[in-house]
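Step one of this worksheet: look at the structure below.
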Amino acid sequence: MSAVDIDLRLVRKVYHKGRMNITVLDGLDLSIEGGDFAVIMGPSGSGKSTLLHLVGGLDSPTSGSVRVGDAHLERMSERELTAWRSRHVGFIFQMYHLVPVLTAAQNVELPLLLFRMSSAERRKRVETALEIVGLKDRMDHRPNQLSGGQEQRVAIARAIVTDPDVIVADEPTGDLDAKTSTEILQLLSLLNSEFRKSIIMVTHDPRAAGFGKRLLHLDKGVLERDERHTHPVQPVAV
Amino acid sequence: MALPLKYHTRYLLVHRATTLLTVLVVAVVVGTFTWMSGFAAALGETLSVAGDPQKMVVVRRGSESEFNSALSMEDFNRLRQLEEIARDPETGEQLLSGEMLVQLQLPRRSDGGKTLANVAVRGLREVGAKVHRDVKIAGRFPGAGQREVIVGAAAARQFVGLEVGKSIALGYGGDRAFQIVGIFTAEGGPLESEIWGNVDTLMNAYNRNGYSSANLLFSTSVDAKALAARLEGPQIQLSGFTESEYWQKQAANIRVYLGFAYALVAFMFAAAVFAIANTMYATVAGRTREIAMLRTIGFRPPHILAGFLLESVLLCLLGGILGCLLCQAWLSMGGAMKDMYGATTFSTLAFVIRLTPMTVLFALLSVCIIGVLGAIFPARRAARIEVVTALRQT
Amino acid sequence: MTMGYVLLQNLRRNPLRTALTATAFALPMAVFVIAISIVLNLAIMSQDLAKQLRAAVHHRVSFTNFLPEGMRSRIQALDQGKNRLTAVCGMRWFGGRVPGAQNIVQSLAADHDTFPIVYPDVAMSEHEIAEWNRERRACVVGKLIAEQYGWKVGSQFSLQSSIPPYQELEFVCVKIVELSSRQSVMYFRRDYLENSLEALGAGPGGCNVFWIRARDAESLLALQRDIDAAFANSPDETKTEDENAFIAGFIQAAGNIPGLMQMLAVVVVVILGLVGGNTMMMSLRERMAELAVFKAIGFHSLRVFRLVLTESVILAIGGAAAGVIPVWALLNLIPLSVPGRGPSMPLTASWQGAAGSLFIAALIGFAAGLWPAYQAMRLKTVNALRNIGE
């Protein structure tokens, strides 16, 4: 599967809070090429998470268009968006959000339950995903038996098990120490370089930002800066 | 330095849905329980009223109820010889009342007259009103030779057609109209479920020539046991029960019934305890960090423990009050009328279930017990929360 | 792994809560299965009795007023051709007591010639009928009474009447009756009773009730009407009620146990609904973020709805089973009988009662899960992640 482009045109997002209208994104234009690793930074309330949610198909814009590959997300219904997400996006969250009562392998298998797939096929995919994140030997552990870094790796495995086009990561290292953060970021870089996954990551951490190929600064709903790293931190094979 | 009450009431408001659901569980359980205790209390009250210590019910030996008893005139005349029987201080009249009991089927008001109840009809003379000292008659006592009856207040309330001025059909053939000329009360006792007429008129109407039983008052100097023994004795060969003995025996089956019902309600009580525990565990779990904060600013484990117990009791009291209101609403909607057969008669004992202050107090007290029982383990867990671990936890 | 597995694992998330909720379900359900069994047994009994096409003719004033013996032939005369009426069986209350014992054995003297015809459901074999006709002291005894006093077929015992003239009679048991509506009653021959009354100068005794049996339901209605009309304005004015109506009066006077049971059943359902709803709400509140993730990775809202709802139903059935099955097993091992006058209410739990209880529990779980499931379905992924994410 070839990497897909992401294209946002004149995207506005307005939230209603009581009687107040809060404009989070104000006419944003942004294109991200397939296979890119874009890092979004900005202060709290700058709209970076909202941008991430729009690209991930979790939210719809108030106006403007969000296209990911052939999919025009702004035209899709809730139902269509849900179905689209299951095939095309992988999510990684700051708090991992694993199901505590399921093992690592079962957590990774969860999204595959939405596909018509034999259990053998699922098993193979789960093993591959866990192998990529380097946790094949921990597949029968439950989240509370894993360290924070390992939990996040399981979450990454869950994000890639469906072989999505885009990986959306919201502060994936926000809750991890420096060493573990580096490992996670290297893993993301690897997914980007080796598996040609487009990655969009929101972070507060400038060091984490160094792993991206492109750095976007958002403030008050508009794009402030857009830089391209010529020498991003190179992934190390895990 | 206990936690202020407001702290807890505010939390009950914050988790409105959970509070409401838990309060309702308690309310329903307590409502049911209150109804039962109201029932038991009403029954107990009715029967305890029928406990004139000087009164004795005399029936044929082997018989346990006035309905199944028959006294011949010889039996009755032998009774007359007893010097133990008290006399009216004014007239000197012997306080011995020969009585006849029959039954009448009347429709119940409580189910709109769908089912019939067997109501006792007692024939006696005016001396009977002196023997049954508790009885107060509004109207006049049925005159000798007159086809007249007076009805007990409980019967009048619970069965159709018992109003002053109306007539009821009595007699062996049910073909003699007796006019209702009065209502009587018996301080809420079982006699209030009866209909009274003149014994001679009724005997005539039922083709009888003997009494069913006799009721008497004995002098204060006489020992009830000794008198009962004398009645059993070789000369007389009858059975005498003090009034309270007689009615307690009648209520035996009702007590079994209530026991069965209470056992079932006990299960639900236990369930309420588990429901409270469930809610309180969730409350404690959701407030772990906050409890840790309270600990850091100086509250000690006993404060925390007491605080959560108090919160649970508050929750339960709310449910208890609502439960009593539910029960009262049910009673006002017509669930208050109840009548049951005695253990050895086929005639019904009618009573009205009322919420007395005691019943309500009892209900609220038991609710506090539910609250404490349900909260004790969660509150202990809260009190044992380790400050450092909890604050580090997310 | 399947969704079913995920569901079951979810119940392990907070084992304490699952255990508390299950217990809070089990206890009232134990009450429910008892209540529903009683109501169900009575319903089955009254259905069976309705098929028996019997009616009681008793005195209008009270069934404690005796009707003359001759009334039997006068009732029979109303339908000479026996087109509607099958048979008439006169009965008189004896209410005997085993000498020295406290409790009264519900015993009735019945016309021996017509008893097996009016009561085919008592299921007397030809041999038993022959014994019944041959032995004047013969009696058929309900199973519960027989068990209480240890009587068997062939046992001889005596009872003393609890009504005048309190005579003591000796009986020979020819059959133990298994029929559920006749387990706590005993029948014996009325000619035997009448002889004893005459010997004491107390005869003729008369009957409390004449039981009639009709050929079909229409005839039964017609007969009730005709009989009451025939004796209207006589000293023996009658009231004829079909068997279920006759029994209903007793059930009311025995404290209306079915009514009480129905009330308890409703109370149980309400409690369970509240408990189940509460648990699911609490469980949902703690799991908002996780459910949001389910949605993010592509679980459709309806799937999330089903997930929460199914969990609620599983919890309800599981908890209920913990209450229903032990009680059901217990009642099958040790059959109890509900106290009360009139017909006995054997407290046997049928599998229908148990299955019905579980079904009701499932419905409650469903209802209790609806609102939380709806909330989970409506959950805005973005909001939920924002609230709990950081």
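For clarity, chains are labelled A, B and C in written order, and residue numbers in each chain start from 1.
Everything that follows uses one rule, which is that a contact is a pair of C-beta atoms (placed from the backbone, for glycine too) under 8 Å apart; a residue touches a chain by one contact, two chains touch by 3 or more.
Quick caveat: nothing in here was measured; it's all calculated off a predicted structure.
**Q** Going only through chains that touch each other, what is the minimum step count from chain A to chain B?
**A** When the steps are counted carefully, the minimum from chain A to chain B is 2.
**Q** Looking only at C-beta pairs that count as contacts, which pair of chains has more of them, A-C or B-C?
**A** Between the chain pairs A-C and B-C, B-C carries more contacts.
**Q** Using CA atom averages as chain centres, what separation in Å is found between chain A and chain B?
**A** Inter-chain centre distance comes to 70 Å.
**Q** Provide the C-alpha centroid distance between chain A and chain C, rounded to the nearest whole angstrom.
**A** 63
**Q** Let me have the rounded angstrom distance from the C-alpha centre of chain B over to the C-alpha centre of chain C, please.
**A** 25
**Q** Quick check: what residues of chain A touch more than one other chain, meaning two or more?
**A** 95
**Q** Could you check chain C for residues that touch two or more other chains and list them?
**A** none
**Q** Going by the contact rule at the top, pick out the chain B residues touching chain C in the complex.
**A** 17-18, 21-22, 24-25, 28-29, 31-32, 60, 62-64, 67-70, 102-105, 108, 111, 114-118, 169-175, 253-254, 256-257, 260-261, 264-265, 267-268, 270-272, 274-275, 277-279, 281-282, 285-286, 338-341, 344, 346, 348
**Q** Over in the complex, which chain C residues touch chain B? Could you list them?
**A** Listed in rising order, the residues are 16-17, 20-21, 23-25, 27-28, 30-31, 34-35, 59-65, 95, 104, 160, 162-166, 233-237, 239, 248-249, 252-255, 257, 260, 263-264, 267-268, 270-271, 274-275, 277-279, 281-282, 285-286, 338-341.
**Q** In their complex, what parts of chain C are in touch with chain A?
**A** 1-3, 5-6, 9-10, 12-13, 289-290, 292-301, 381-382, 385-386, 388-390
**Q** Using the touch definition up top, name the residues of chain A that touch chain C in the complex.
**A** Against chain C, chain A makes touches at 49, 53, 56, 58-59, 78-79, 82-83, 85-87, 90-91, 93-95, 97, 99-102, 106, 109-111, 113-114, 119, 122, 158, 162, 170-171, 174.
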